[in-house]
Every structure is written in C-alpha cells, then in structure tokens.
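Presented sequentially are two complexes of subunit A, the first with subunit B as partner and the second with subunit C.
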Partner chain A sequence: MSLAEPAALPVATSAAPRLHVLKRFMGRFKASLPAYLLLLPSLVFLALFTYGAMGRVLVDALYQRATPKAPVRFVGFENISAVLADPAFAGAVVNNLIYAVGTAVPSIALALLFALALSRTHAVNSALRAALFLPVLIPMVAASALFLFIFLPNVGLLDYYIGRLLPVLPNWLGDPDIALYAIMVITIWKNAGYYMLFFLAGLQAVPEDVMEAAHLDGAGPYMRLRHIILPELKPTFLFVTVIAILNAVTQVDHVFVMTQGGPSNATNLVLFYIYQQSVEHYDIGKASAATLLTLAALMGLTALSFRTMANREGGP
Partner chain B sequence: MKLIDRLYKDAPLATRNEITPKLGFLLTVLLAIVWLIPFLWMVVATLRPASDGINAMAELMPSLKPTLDNVRDAWEIGDFPRYTINTTIICTGILLVQFVTITLAGFAFARLNFVGKTLIFYLFLMQLMLVPVLLIVPNLSLVAQLGLYDTLTGVMMPFFASAFGTFLMRQAFEAIPTELEDAALIDGASLLQRIRHIYVPLSMPSFSAFAIISVTSHWNDFLWPLMVINSPDKRPLTVGLSVFTKTAEGTQAWGTIAAGTLMVVAPLLVVFLIFQKRFISSFVTSGIK
Partner chain C sequence: MLFSRRLMLGLAVAGTMAGAFAFPALAGEGPTEIDLFFPVPVDGKLARDMGTLIKEFNETHPDVKATAVYTGSYDDTLIKTRAAIKAGKPPAAVIMSANFLLDMQLENELTNLDSLIKADGTTKEQFLGQFFPALQGNAVINRSVYGVPFHNSTPLLYINADKAKEAGLDPSKPPQTWAELTDWAKKLTRREGDKVTQWGIAIPCAYDYCGWMMETLTMSNGGRYYNEEFGGEVYYDTPSMLGALTWWNDLIAKHKVHPPGATPGPAVSTSFISGNAAMIMLSTGSLTYVRDNAKFAYKVAFIPRNVRNAVPIGGASLIMPAGLEADKQKAAWTLIKWMTSPEKSGWWSRATGYFAPNMAAYKTPEMVEFLNKNPDAKTAVEQLDVAKPWFATYKTVPVRKNLEDEVMLVLNGKKQPKEALAAAQKAADETLKPYNAETSLKLP
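Then we have the complex of A and B:
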C-alpha cells in the first residue's frame, strides 16, 4: 500500500509532476488492456483491409508504372488529372448519376407503395411481401442471367409478350440509348423489396391515435399520407436514400455480366471503369486515382448521415 | 372486390370504404406477379425440352413434356458441385472468423470502459460506409503481397472484421443483466469464460440474424472473388455462373442457363421460404453491411 502512495514521502512530492501524469496514464492504459486485447483481432483486419487500403489508394494514386514490370515513378497529381481528363471516366460518372437517380427514385417510390399496401400483417400480405422480397436474395449475377433472356431480341420474354405492341422491336441491351435503362430495370426489380422492409418498419412508428384522430376529422388517404405518414417516415427516407445511392455505385455486377460497359460505353459505370483500369489496362495509378475520387464523393454523401448512423448504432 | 373487402375487414371503420388504399393494394398485387415472372420463367424454361425450339423459349406456359435434361446438362458442363463447395467454404470460413471477432469486439464495446473508446467506435462506424467493394484495387495488391492471390483465404480475408456484426453483438450483450455476470465473477470465472458461458449462449438470436446477413451477402458476392480467383476449380458459384452463362449464351442454350441459375439461387431461396420471418427481421436490422 505504501508503495502506491509515494506522496507521503517528501522526495516523491518534489519529483516531476510529469511522472505522476505518466503513471496515471499507464494505470488507465493498464485498465484498458483487456478491452484492447478483445478489439485487437477486429482492429488488425480493419487496419489491413479498410484503413490500410485507404492509405494505399492515396499512395498508389501518386505513382505510376508504364508496364506491369516497370519500376514505379512518382507522378504527383498526374494520375488524378489524367482520370479527370479521360472522357471514359466523365462518361462513367454521368452514366452513374443517371443510373443512381433512375434507380433510387423508382425503387424507393415502389418500396413505399408496397409498404403502404402491405403494412397490416396477415397471410395474404406476408405472401406478397415474400414475393417482392425474393429478388433481394439472389445474386446480381443470377438476376443478370435471367434478364439476359428477358431482354433477348426477338425471342426473349419481353419481345415475345410485349414486342407485339411495338411498331419496331428495340434491341434492349444493344442500343446505346436504351441499354442503361434496361440495366436500371434489373436494379429496381432487385432492390425495391429490400427498401420495402425499412418502410414497413418505419410505418410501425406512425402513432395509432394520430391516425385515428385524422380518420375522425375526415382526412382522406392522401391527406393522411401527406401530413402524417410522410413526415413520420422522414428518417427512413434519408436512410434508404443513402443505401440506394451506395448501391448505385457498388452493386453493378450486372454490367460485368451483361454489357461489359457497352454498347459504346453506354453502360460504363464508375466501378466498372476502375475494374477496367486495374485488371484490363494494369494501370494501378489511374485505378487508384478513380477510386480515390469515388471514395471522396461517397464519404461526402455519408458524412451527411454520419450522425444518424452513429445514433442508430447506439453512440460511442 | 368482395375478396379485397375481406382483407380490409379489420381496418378502422372510417377507412373501410375508401377506394384509394384498395387501388394501391391491387397495383401491388399486380406488381408482385410481375416481380415473380423471372422466377416463373426460370423454372418453366429449366423443365422445357430442347425439342420445343428457340421460339417457344419465352412461353410461360409449362411444357407438356417436362424434362430434367437441362439440369443434367448444366450439372455436367458447369462444374456446379465444385462451385457450390467453394462458395460453402468461403461463407463458412468468413462466418466462423467473424463470430470470434464480433463477439470479442462487441463485448468490449458493451461492457468495458477504455481509453479511446469514442475514437475506436468511430473507426468501426466508418467501416460501415467505406463499402469494401470500392477498395478492390488496393485490397487485391495486399492479398497478392500476402501470397493469397488465387486462394479462397484471399477471398475471405477482407471480411473477417465486421462493424455491423460488432454493433449487433454489442446491442445484444448490453441487454443481458449484469447480475448474471457478477455471479460468475464471484465464482472466479475469467473474462473469456464469462463471454463464452454467459454472453454467447444468451445472444443466439443475434448470432443467427448476423449469420443470415453474412451468408447471403457473401453467397452473392461476385466482383471481389472474380478479381482474386484465377483457377477455374476455385471459382465460387457466382463467378462460375457468369462464365457458364457466357459459354451457353453463345450456343443459345437458354434452358441450360435457366437450369444453372436455378441451381445457384435455389439453396438460399429454399432456406428463406422456411425461415421467412427470421430473414425479414435480420434484413431490417442490416441496412448497410
């Protein structure tokens, strides 16, 4: 005990207070040690594959090698300006913006419709929810395989049933003016059921008595939606919109399987551009520069919802 | 309309005669049918004999002479048993390591106080937003440096830590009364023993919710394994299916493609139809994986 309380000794009082602070810090560190050990396995992988990877993107974006075997050369911001000057990248960004808006808005609107229609739980609604949710569970690659046939010219499902109504059969995936929209249909089909779940959960929070009072006051379905339900669902909208935009950047496997970015770059999206630069052109510098720009854009977006997310996960 | 009225029989009296909600419901039913058509076509085309010809391929009416030829062809051409094994190894491997990392980290956040807790919390939270698929380029170089290029371990490694799982377990552990732990503490149980024998057994629902999310997302992963795996015999189902589709598309073998797709999606869909409630509630908690 006396060792732990050196203050009783005159020598110790005159010792530098810095030692005291250090000791206290060491004490707190020691008390924290079990927690650090428990966190260590996770932190190692986070350090390697999340934060290390980000650092690597930053560094790789500053270097360039002419061929896979050539030595790396420091080029500063050249890669970034090369990417920004690349018409293929600009095209991919524009495509991705169209794709993001064109998938997020319809799938969120459909999700809201589904949730409103199926909010009360009984056997029929559960079956309908399951039907709408099925596409969420299948790989994007499997969805692509099915839609390859659906969009197949002349003999495909779409042309077989609907094509008769059109004067000229469009080449859904082969026409640069249509291909991006065809790709968007798949994403909407695949994600609307997922977003529906969040709206179903959000609708449970709409207070029963307020709805009741609105009925009694003679508010019709539209009025109730506009003035009670939608304001209540605001956080859900925000959350789902962020997910939908993240998905629009990251969930693009169908481009790989169905169109390879074509025809004439009409369906080239940012992630596919990055993949092309790294795997097909072996240009890690440019691929990293494009990754860096995309990360910056997405982090700007998610920063908006950072607080919501932190609260959702219970705060620090 | 009678049928729909029956569905609305317990709706509040004031709204029971409103027409708009019913129209919305009808529209939803219609769209649900449209949503199912690709699946319907997949099953019908799988069972359709090749003798029906390419022009009948889109017909949604099942063939009168159903056959399993397409399934057999896909099974033989596509090496699906091997792909299924690889995907199973990947999903199981990721899940087992994740169980360890998220339990330990979740416990630290739920029950321990430590210097820098806020900072570390945000380090985890950031991972939720830095979607791993965007970091394919640097992660591929790292995996190659570690000598794990073209290995299943290389495919699994970036997912071993999970912020989503950590927060899920933290929430589960926080709900467990501390009295239980105190009793074990008096009996001299160590930290790991307390986690193992008190916290883990009481948090099984959260583990199963996490398992559902983890397995579905890695079962369906495509781009990352596509980049890491080179040898055909190490391909997971998604990469295998994409290669298979490319080949079969050339020969217009749509029945075989449908059969191959069916084999890839069937396991998860069957499990979903059995544990529907579990799946739905797990996905609600997921948001961003």
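Then we have the complex of A and C:
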C-alpha cells in the first residue's frame, strides 16, 4: 500500500470499500484472464497427475485396515507414527543420508575439477567434455545393467582386472558393508558429467577483467581460484547441490535393478522403502505416510535453498 | 524428462479415451475382447513365443479376440494386475507366479473357478487330475480351484562334467546326499595359495531366489518351511531349517568351497558357464540357457538330500481376477483351457525350458521326440515325484524377505545361523500378526 491511500479513505462512503475491492479484483482478474487461459492446459494436467495424486496420498495416509478382511477406517496420524517407529524406515533414512552426502560431495568435486580443466574451448577439450558427458546420456536402468556385469563376483570386469592385486575378492553387491558404496560409485560416475555442464556455464560468467587484474597484481592460480573463481561460482554450487540432493532421493533406478534394497536392507533408500510398503506389503496407508514425510522433507529443503538463493540475488 | 513422461501419460489417457469412444460401436457385434497379462521371468524370447501362441488362439477362435500384454517380471505382474483391479478394469486372465495366489485370494482378488469347471460337466478331481499332483497345492485354496498351472520348475543341481572328470569324479553318478555333495565340492575347489580360482559349488541368494533355495535345502533336510494348510504360520526357527542354513554357511566359512556373500541367480549361472563354479543349484528355467551357452559337457541331477529327497515347485499359474463380466469370464476360461491343453502346454515347455504341467503333454509325439534328443529335460520332470508346493502365506513377499535378510547376514559372516533364524521367525510372526488376529487367534 502506498502512503497516499489512507488519506483518500475517509472521503469514500461506508459501502464503497467493499465494492471497490470487488471491482478492483474483477478488473485485475479480467486483465490476467488470458494468462490463466494460457496456463489452463498445463494446469489441468498438473491437477490430474500431480496435485490430484498428492491429494490422494494425503487422504490415503490417514486410513488403514486393521486386518485383511476389515474395512478401511480413519486412523489419523497412526500411519505416520508407525512409519517413524519402523526400524526399516530409519535404516532407509540413514542409508539415504550416507548416499546423499557420499554421492553429492564427490560428484560435485569431480564436476568442478573437470570444468576447471576443460574450461577453454578447443578440439581436444570438446572431445573430452563429450566423453565425460556420455554417462549422462545412458539411461540409469541400462547403466545399472552394465554395472551388474562389471560388479559380478569372480568373473566380472572389475574382479578380472583388480582380482590379481587383491588377496580375497569382495562380493561387491552381495556384501552389506560394500553394496551401498558400489551403488554410490555408479551415481557419481553418472552425475559428475552432468554437473560439469553447470560449472562450465558458471565459469563463463567469471568476469574477464577481474581475472586479468588479478593476474597483473601477481595472483597465482590458487589465489585466483580461491578468491575469484570460487566466490563467483557460489550460485552454481548452491544450485548443483540442491539438484544432487534431489537426485539422491528421487533416482533409485539402480537399486531396483541391482540390489532390490538388499543384501539385508543395506541399500534400501527411502523411495525404495515406499515402493516396498505399497507393493510388497500392500500397505497403502504406510506407503502414503512415508511419501508425505519424504515430500515434506524435500519441500523444506527446496524452500530453504530458494530462500538462500533469493537472499543472494537481493543482498550484497 | 519429468515433463515428457507426464506428457506421454496425458497422451496415453487421451488415446484410451478416444478408444473408449470408438469402441462401443463395435461391442455386441464383434468378438469378445480380452487381455492376458503375461510376465517374462527368464530371457527375452518368451515374449515372441507368447505372441505366436495368442495369434494361433485368435485364428482358431473367431468369437474371442485375446491380446497378450507384457507386464515385466513376476513381481511387476502382480503390481500391474492389482493396479488394474483397483482401477476397475481387471485383465481377463493373468499368468501369475504360483505362490502369489494365496495372498491374492486372501485379499479377495481372485475368481473362484469351481463353477466354471462344473459348467463344463467335469468334476474338480477330474480337472485337477490332468496336472502333476505336486502342482495342485499352489492352485487349490480351501478346496476351491483358483489357478490353472501353466509353466513350472524345480531346482536342480548342475554339474560341470569335464571338471568332475578332471577331479577324478564320475559325473554319471552325481552326489546323492549332502555329505557326498560336500565331498565333491571340496574336490572341485581349486586354490592358488589363499585365493580360490574355482569354486566347488555356488547357490544363488538374492530376494526371491534366496527364499526358494532356503525352502529347497530345508525340505531336503526333512522340514516344511511353512504351513501348507494355513497362511498364518512359517517354520523358520526349527531344527530342519537350522541344519539347512548351518550347512550352507559351513560350505562358505568352514569348508571354503562356496563363494562368500549373497550372489544373485544370473551371477551364479554366468559363473557356471565361465567355469568359475563347478557345480550350481538353479531352477529348471535356466536349463535352456545353460544348454545354449555351456562350452563343456554338463550334467543335471536331483537336489541331494540330508534327510529326504524333496524340493519345492516354482513357476506360474493362469488366474482370473475377481470382478469380471460374464462374457469376458467365459472367453478367458476358453483361453485358459486352450493354453493348458497337452499340445499347447508341451509346445510352450519346449520353447521355454519350463516343464509342462499337463501330464498328457509328455505323451504327445513331439514331446517324446524332444526328450529323446534332450534327455537332461527329463530330470526336472522325474524330480516332480518328490516335489512339494511353493511357500505361500499371507503377505508372501514380506514374510519371505524377513527370512532372506537374515540369511544374507549369515552368508556374509555377520550373524550365526541360530540367532539369525530366531530373528527371522520373530519378524515373520510380526508380519503375519494381522492375519492371525482374524483367523487362528479370533476366538469365541
């Protein structure tokens, strides 16, 4: 509200403000009607396939059957507390945290390294960039099938080559201590090239004149990296980190293909836990409750990161 | 990517709607249209074979138009069938993993086939009498027929005959008991210092396979694994299962003739083909794969016993979901009977490697000729005499996983068999609790 408006208010009659507001609303609506009409098609699909599904999850999370033949009844927050009390869910959350940190940090570090090494464009670098980007183009399911053979105990590619060096060959996907890390290797291999693209784009935005000035002032490569390049890349870091964490929760194709959450739940991630509850246990209530919890965590995370980003845009 | 997936979904829905508008004109005059959901649990050629089979059916049955819909693995097929039932559009027939029938019946998702059998003028006994007796346990629930056996398997012992001869063993006299098998495995293991270059035996353990192998070992150790008559009990913490798991663990930890950890089925078969494992336990379903890929002489044999010869069956049955319209039910029943007839049953068996559940299939001239050419296909059929039903309980998959997670810990040397089985029993009892609350523990 501007400061001029309160002065105008006393002049109006008692019935007018309401009419005024309504008229203004109608006016505004009329003005933006074409925009709404243009948005309508995607709104319909969003409502059908995203908001509708979310609403259904919300409702399903509140109902449960006590026994197989009993009718579904309203249980309120019981499903959510059952999920929170389930050691398998806690295990999946812990696994997912290890997985998120263990894939985000190395893949971002590698991506930055690649981007710094290949920032200048010439034929060799273009070829190398293409090679590093290649894993991104392979669908996760196909990549998992490939790695299934690489990790094959005794006869797989990995054991074939490093088998001569190790006294005892590890069962990469069959040992609960190793399986999660084996899965993480695939994610890092697949995502580093993708994040490299963002860093390459970010590096283009580093002002040339500042770099030249630093060069003239005698700043070495490390000083330039530490004090110019990295601060300039801060928004890119933030963005890539959010993407990496979202990926860690939403991309579990390789778990489906390679381990099914096993051995002994060692590679069970949150999304796979939800799948197990709904499909294997046929427990829609618990699956919906776990979905809600995950959704809440992801939305909180996204909101936080957007706020941080907005602060940066506005602030110094 | 998300957007494009959403778009595709939208297009699919639009297509279905357009189809729904277009079709009513045809209904009533044309043939009855039915869907058959089918999984491909082994290698890819099955989908093409199914296409051939359904095409032949449609050509010989002008009043029915069946469409074969590929639905992924056994587990995926269960998911998709349940989704279709929930959406109010169940497929008319499904090839369903034989041990999911009880769970589906408990959830009221199956059509009772008794009245259809009666309408044909046959009795239940006559109808079931066509199939191997071992298969009936997974098709009959509370004395009513809910499934018709379509393709089935049993576990087998595969032996690399060349390696056996090298080790001075006679492959024509395969090991009959666990003691003999342990002895063979020791002789077939090759070491360079501490490193093993050839394993004596490998038994698969991944979700699904692990439970089936535990049932195999437990049964040949005299045990039952689960209560065949009632879906609320499993026998995990028992001497028969303890013996089975301890022996499996001994092969790894004590005798060091079995690769450590949990190894999935494909890794085990690859290991056998590459000569890295001299003996393996695998399903009959892998026989065609081994026959096509092994570059050495191999031999298949019964699973050795400790107490008795006994193995579980595997494979799938044809079922009809609940809530079908009468004309679709009739058309599906025609299809099911046609697919399980001796001729078709035998044809499917030769194409896939599963054995034909219909006993008369083995009397057809094509089958007699095939068995003369491939005598190894006979072993699975002979083993049927000692076969028993596949474990099926309320919530079969989670109850099985309760055991598998603990078995995997044992095979990785993280737990002792005794405490692992006690933990598995406790977890399974907890999973079965709601069903027991409604049945065995619901007292007047």
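One rule holds in what follows: the second predicted complex is superposed on the first by the 267 of 316 C-alpha atoms of A that agree within 3 Å, B and C clash if a C-alpha of one lies under 4 Å from a C-alpha of the other, contacts with A are read in each partner's own complex, and residues count from 1 in each chain.
Everything below uses one rule, namely that a residue touches a chain if its C-beta (ideal position, glycine included) is under 8 Å from a C-beta of that chain, and two chains touch if they have at least 3 such contacts.
Keep in mind that this is a model prediction, so the values were computed, not measured.
Participant: Once both complexes are superposed via subunit A, do subunit B and subunit C end up clashing or fitting?
Facilitator: By the criteria stated at the top, subunit C and subunit B clash after superposition.
Participant: For A:V155, using the defined touch cut-off, is the partner it touches subunit B, subunit C, both, or neither? Pick first, second, both or neither.
Facilitator: both
Participant: I'd like to know which partner A:Y282 touches here: subunit B for first, subunit C for second, both or neither.
Facilitator: Touch partner of A:Y282: subunit C, not subunit B.
Participant: What is the contact status of A:G102 with respect to subunit B (first) and subunit C (second): first, second, both, or neither?
Facilitator: Neither partner.
Participant: Give one of first, second, both or neither to describe whether A:H215 is in contact with subunit B, with subunit C, with both, or with none.
Facilitator: Touch partner of A:H215: subunit B, not subunit C.
Participant: Hey, is it subunit B or subunit C that touches more of subunit A?
Facilitator: For subunit A, the partner with the higher number of touched residues is B.
Participant: Pick one for A:G262: touches subunit B only (first), subunit C only (second), both, or neither.
Facilitator: Only subunit C; A:G262 stays clear of subunit B.
Participant: Report for A:F49: first if it touches subunit B alone, second if subunit C alone, otherwise both or neither.
Facilitator: both
Participant: Contacts for A:V168 in the overlay, against subunit B (first) and subunit C (second): which applies, first, second, both or neither?
Facilitator: It touches subunit C, and subunit B stays clear.
Participant: Report for A:P176: first if it touches subunit B alone, second if subunit C alone, otherwise both or neither.
Facilitator: second
Participant: Thinking only about the overlay and not a real complex, which stretch of subunit C clashes with subunit B: 7-15, 169-177 or 187-195?
Facilitator: 7-15
Participant: Taking the stated contact definition, name every residue in subunit A that is touched by subunit B in one complex and by subunit C in the other, in rising order.
Facilitator: 45, 48-50, 148, 152, 155, 279
Participant: Applying the document's contact rule, which stretches of subunit A touch subunit C when the two form their complex?
Facilitator: The touching residues are 45, 48-50, 66-70, 148, 152-155, 167-169, 171, 173-177, 260-265, 276, 279-282.
Participant: Inside the complex, what are the residues of subunit A that reach subunit B?
Facilitator: 28-29, 31-32, 34-36, 38-39, 41-46, 48-54, 56-57, 60, 110, 113-114, 116-118, 120, 122, 124-126, 128-150, 152, 155-157, 159-161, 189, 193-194, 197-198, 200-201, 211-212, 215-216, 220-222, 239, 242-243, 246, 249-250, 253, 256-257, 271, 274-275, 278-279, 284, 287-288, 291, 294-295, 298-299, 302, 306, 309-310, 312-316
Participant: If we count contacts the way the header does, which residues on subunit C are in touch with subunit A in the complex?
Facilitator: It is residues 6-7, 9-10, 13, 75, 78-79, 82, 106-108, 194-195, 199, 205-207, 259-264, 266-267, 270-271, 274, 276, 394-395, 397-398, 401, 404-406, 408-409, 411-412, 414, 431, 434-435, 437-438 of subunit C that touch subunit A.
Participant: Which of the residues in subunit B come into contact with subunit A in the complex?
Facilitator: Going by the criterion above, the answer is residues 7, 10-12, 14-15, 18, 20-21, 24-25, 27-29, 31-32, 35-39, 41-42, 45, 54-55, 57-60, 100-102, 104-105, 107-108, 112-118, 120-142, 157-158, 160-163, 166-167, 170-171, 174, 191, 216, 219-223, 226-227, 237-239, 241-242, 245, 249, 254, 257-258, 260-261, 264-265, 268-269, 272-273, 276, 279-280, 283-284, 287-288.
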